[in-house]
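What follows is a group of structures, each given as structure tokens.
Each of the next two complexes has subunit A plus one more chain, namely subunit B in the first and subunit C in the second.
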Partner chain A sequence: MAKLKVEDLKRIKESVKGTVNLRDGAARVKVTVHMGTCGIAAGARTVMNTLLREIESRQVQDVILTSSGCAGLCSHEPMITVEVKETAPVKYVKLDADKTKRIFAEHIMGGKAIVEYAFSVGSERTR
Partner chain B sequence: MEDLSLHLLDIVENCTTAGASLVEIRITEDAANDRLEIRIKDNGRGMDAALAATATNPFVTTRTTRRVGLGLPLLKMAAEEAGGALTIESTPGVGTEVTASFQDSHIDRKPLGDIAGTLVALILGHPEIDFSYTHVRGGETIELDTRELKEQLGTVPIGTPAVLNMIRTHLAGAGEDRQGDNHG
Partner chain C sequence: MEKVYRTHLLLCAGTGCVASGALNVRDALCAEIKQRDLADEIYVTTTGCNGFCAAGPLLVAYPDGIFYQKLTPADVPAFVEEYLVKGRVAKKHLFEPKKGAAPIPKLSDIGFFGHQVLVALRNRGLIDPDKIDEYIARDGYLGTAKALTEMEPRQIIDEILASGLRGRGGAGFPTGLKWRFAAEATGSPKYILCNADEGDPGAFMDRSILESDPHAVIEGMIIGAKAIGAHQGYVYVRAEYPLAIERLERAIQQAQDYGLLGEDILGSGYDMNIDLYFGAGAFVCGEETALMQSIEGRRGMPRQRPPFPAHQGLWGRPSVLNNVETFANVAQIIHRGAIWFSSLGTPKSTGTKVFALTGNVKNIGLIEVPMGTPLRTIVYDIGGGIPKKKKLKAVQVGGPSGGCIPEHMIDTPVDFESIPATGAIMGSGGLVVMDSSTCMVDVAKFFLEFTADESCGKCTPCREGTYQMLEILTRICHGKGQFEDIGTLEQLSRMIGASSLCGLGQTAPNPVLTTIRYFRKEYEEHINEKRCRAKTCKALLRFWVDPEMCRKCGLCVPACPVDAIKWEKKAVAEILLDKCTRCTSCYQACPFDAIE
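Let's look at the complex of A and B:
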């Protein structure tokens, strides 16, 4: 139990062989979870792990998940910024696992922003 | 912060902001002496003596998005409320080491929480940074070193969901309450 097993890693290497590894610029969607003290205290880790599970269970290949610091809107945490290529970034606020799943299904996969969860559209670009 | 794994996530985010390329995390559960210790050591830019001395003051921060910095003060409070203390050792250009200690059995000692969820979030959010994690509990030691993982993985990114899932499973025994936060 002390170390990860090498054979498990080999199995993973085999299983992802042939799938395209996207670089930052090539992804269709980039999702940034804001992980400042404020975000973490409000539930950002739950949001991040929810997104990861969605990517995994749907076997999505073209969505990049990353984190950033406090955006200065602490009272609106947890927040994510969704950047779909060629469209304006959308900042979602006061999230939980259920809202995050809906954003994943409707915006990240479906391409249609959920205005009722959004703080602003098109205000900034991350990194 | 509900549990210590969230404090850990928060403090390690500071390490990444400080430009660290390696963050070493060590959790020691010492039941014989009724102590719990969390040590976070980075090789980031470090702080001079003046900044290190004031780092637990909520009104001191290096950020520009807001005028307060609560990460270290909150961890200090969590430690002191549970019969422990927070120490910071830092050398400019070398790195920073933060150690939080607790009386393990103290009624106000927060649970460890979802350590696996914290490590997965850190690795996913900062694939370019290496993390070394050691958790000593009684005679058992759980270890994870992303440098070794990356070497084994070769061209497969460490942020691949299958890899993160495996890391989560590997570390699942690291949290205190194994039935704990399944969402985080």
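Let's look at the complex of A and C:
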């Protein structure tokens, strides 16, 4: 193996940054795929895989992907919630692979929500 | 570009969790994940000790940061179904602060973790110790790069001095000063040594650092080498630490492959290598001159100082010996600066300290707190208090060289000034919590048995003195204590402390001195009344049944293995003292506390 120089340390650091960000919780965007029984039946797994492949192929380091249970809108599954840091979370409904790709490109990367796919902006309040 | 996963499961594989079955859990997890076709989404890896050993086998799931405890292979299918497939928090494995209290999912919200500040252990449970890239990703080797390419040896020493870093092995000598003496010493080659001969009973701070973050120690040694002008380092690690050795060897190999050890490190022109030396587990080899003799292939015995190792150390050459935890702090001080480090802790004791928290406390494990944290915070907020509603009696700090700090001094802050003021020492970080069922004479005897056994025998005060003290303590515990024994113990203690050759003998009387100082009454009870209030010293126990408390149930009768209890239906039980072996079985069996 080639001996490292100081610059190489930074290169290695950059290449594994995604792992570190995920464990530090330091991400620009958090995407939640709702994976209750209803979501999975409606195709949430396809949405999850599409998102994973998008992150991988675009080499994105600052997006973390997570799953959660049913969001309470079973008839609108599959759903995701996109939370861009310091903006209100957006819920997207009735997704498929193509819609997911467009959301990734325009909202997650571009920062502009796609109104036609969105169900709501904001979240329920919790006490 | 690395592969992307939605969830990372970081399973603790420290020695504690491995012993409780973590590797079986890992295999079951991997198999279940594969079977459910989730292997492309979920990443499972093992880390060093997470610290919360009492809760193991355990894992932390990211990015959610959820702490799951007490997993078994049988739990795995349901866990995967609930958490990874359905995306719900698997409630069964959450931490409950108290029985019946609401469980806490987030690791950072759990008191055990929330009160800790990690510096030496900053990577524990966050990286795979076998992957150097994960270490580098968390700013690894940036301290080394800075020290080797941008700093003069003098500047490194000044930075360490300014940080206020003091030796974490126990004595608290300023690390920068040690390095300066060796840097100024004439003679070559020079050596930098790491003391991983952790010998205190119940202490596992150094082992845990080596297991969870070996590169941090390697980095500290490279920086220290440059500071004093050494090109060869040795880690003296005890052979009883197989996992630590395995991870350290792998880490050294990876560092060599990357050119972070060997010739021309990072193109800086500086050469440095590290070898391991396995100790056979003698406590005295933690003493610096004995350790060096041991590496030279001789019997590990201390020698007179001066000359100090900084001038004449390993093979008579200038050498520096620092503890594992001390080295683990160094790279971060260089990378983040002395000002950052000295902002932690107290003005005279900067930074943090790692403790192995054990004994009669709910959350047993490995913790790191800022210097100056009160013992109360450690015992109650981090440790979760005393189990079984018993009362705190004392906290033993510093292992066999340390002392017992009584309950009324529980607000004592842990730092290099306050702890010695109590008569204990900081030591390397053993912290044993004791409740009312602990006999303080017995505790003193336990530690003295250890030091008498581990005394190398070279100097008379330690060899003979500890033996004599142990004889007296054993006598007291057997009910044959004499009126003048306490005085004799104190006198012997002063003599051994003042005239022993090395730290082992000089500090060996501390457990006796502190227990006499704070629990003299218990000694007197043992000697004068032949009574042990903690019911530990069996020879002093005289069991009897309190007729007013006895409900005549007869439960004590089958509990007795030697038929020493006389009982008839509807009559108060009676214990036949000539038959009684004082096994305490009846005492524990009685539901009404009628047996005393």
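Basically, the second predicted complex is superposed on the first by the 100 of 127 C-alpha atoms of A that agree within 3 Å, B and C clash if a C-alpha of one lies under 4 Å from a C-alpha of the other, contacts with A are read in each partner's own complex, and residues count from 1 in each chain.
We take it that contacts are C-beta pairs under 8 Å (C-beta built on N, C-alpha and C of every residue); 3 or more make two chains touch, one makes a residue touch a chain.
This structure is a prediction, so every number in the text was calculated from the model and none was measured.
Enquirer: If we overlay the two complexes on their shared chain A, which of subunit B and subunit C does A:Ser67 touch? Say first, second, both or neither.
Expert: So A:Ser67 meets both subunit B and subunit C here.
Enquirer: Touching A:Gly110 in the superposition: subunit B (first), subunit C (second), both, neither?
Expert: neither
Enquirer: Which partner chains sit in contact with A:His34 here, subunit B, subunit C, both or neither? Use first/second/both/neither.
Expert: second
Enquirer: Now for A:Thr50: first (subunit B), second (subunit C), both, or neither, which partner does it touch?
Expert: The first partner, subunit B, only.
Enquirer: Taking the superposition on A as described, I'd like to know which of subunit B and subunit C A:Ala97 touches: first, second, both or neither.
Expert: A:Ala97 contacts subunit B only, not subunit C.
Enquirer: Quick one: classify A:Val6 as touching subunit B (first), subunit C (second), both or neither.
Expert: Touch status of A:Val6: both partners.
Enquirer: Would you mind listing the overlap between the subunit B footprint and the subunit C footprint on subunit A?
Expert: Overlap of subunit B and subunit C footprints on subunit A: residues 1-4, 6, 9, 12-13, 15-16, 33, 35-37, 40, 48-49, 52, 55-56, 65-67, 69.
Enquirer: Which stretch or stretches of subunit B touch subunit A in the complex?
Expert: Contacts found on subunit B: 1, 6, 9-10, 13, 17, 63, 65-66, 69-71, 74, 114, 117-118, 120-121, 124-126, 140-144, 149, 152-157, 159-167, 170, 173, 181, 183-184.
Enquirer: Mind listing the subunit C positions that touch subunit A in their complex?
Expert: 1-8, 10, 40-41, 62-65, 84-88, 126, 133-134, 136-142, 145, 149, 257-260, 262, 264, 266-267
Enquirer: With touch defined as at the start, can you tell me which subunit A residues reach subunit B in the complex?
Expert: Going through subunit A, the ones touching subunit B are 1-4, 6, 8-10, 12-13, 15-16, 21, 33, 35-38, 40-41, 45-46, 48-50, 52, 55-56, 65-67, 69-72, 74, 97.
Enquirer: Could you please specify the touching residues of subunit A with respect to subunit C in the complex?
Expert: My answer: residues 1-6, 9, 12-13, 15-20, 22-23, 25, 27, 30, 33-37, 40, 48-49, 52, 55-56, 59, 64-69.
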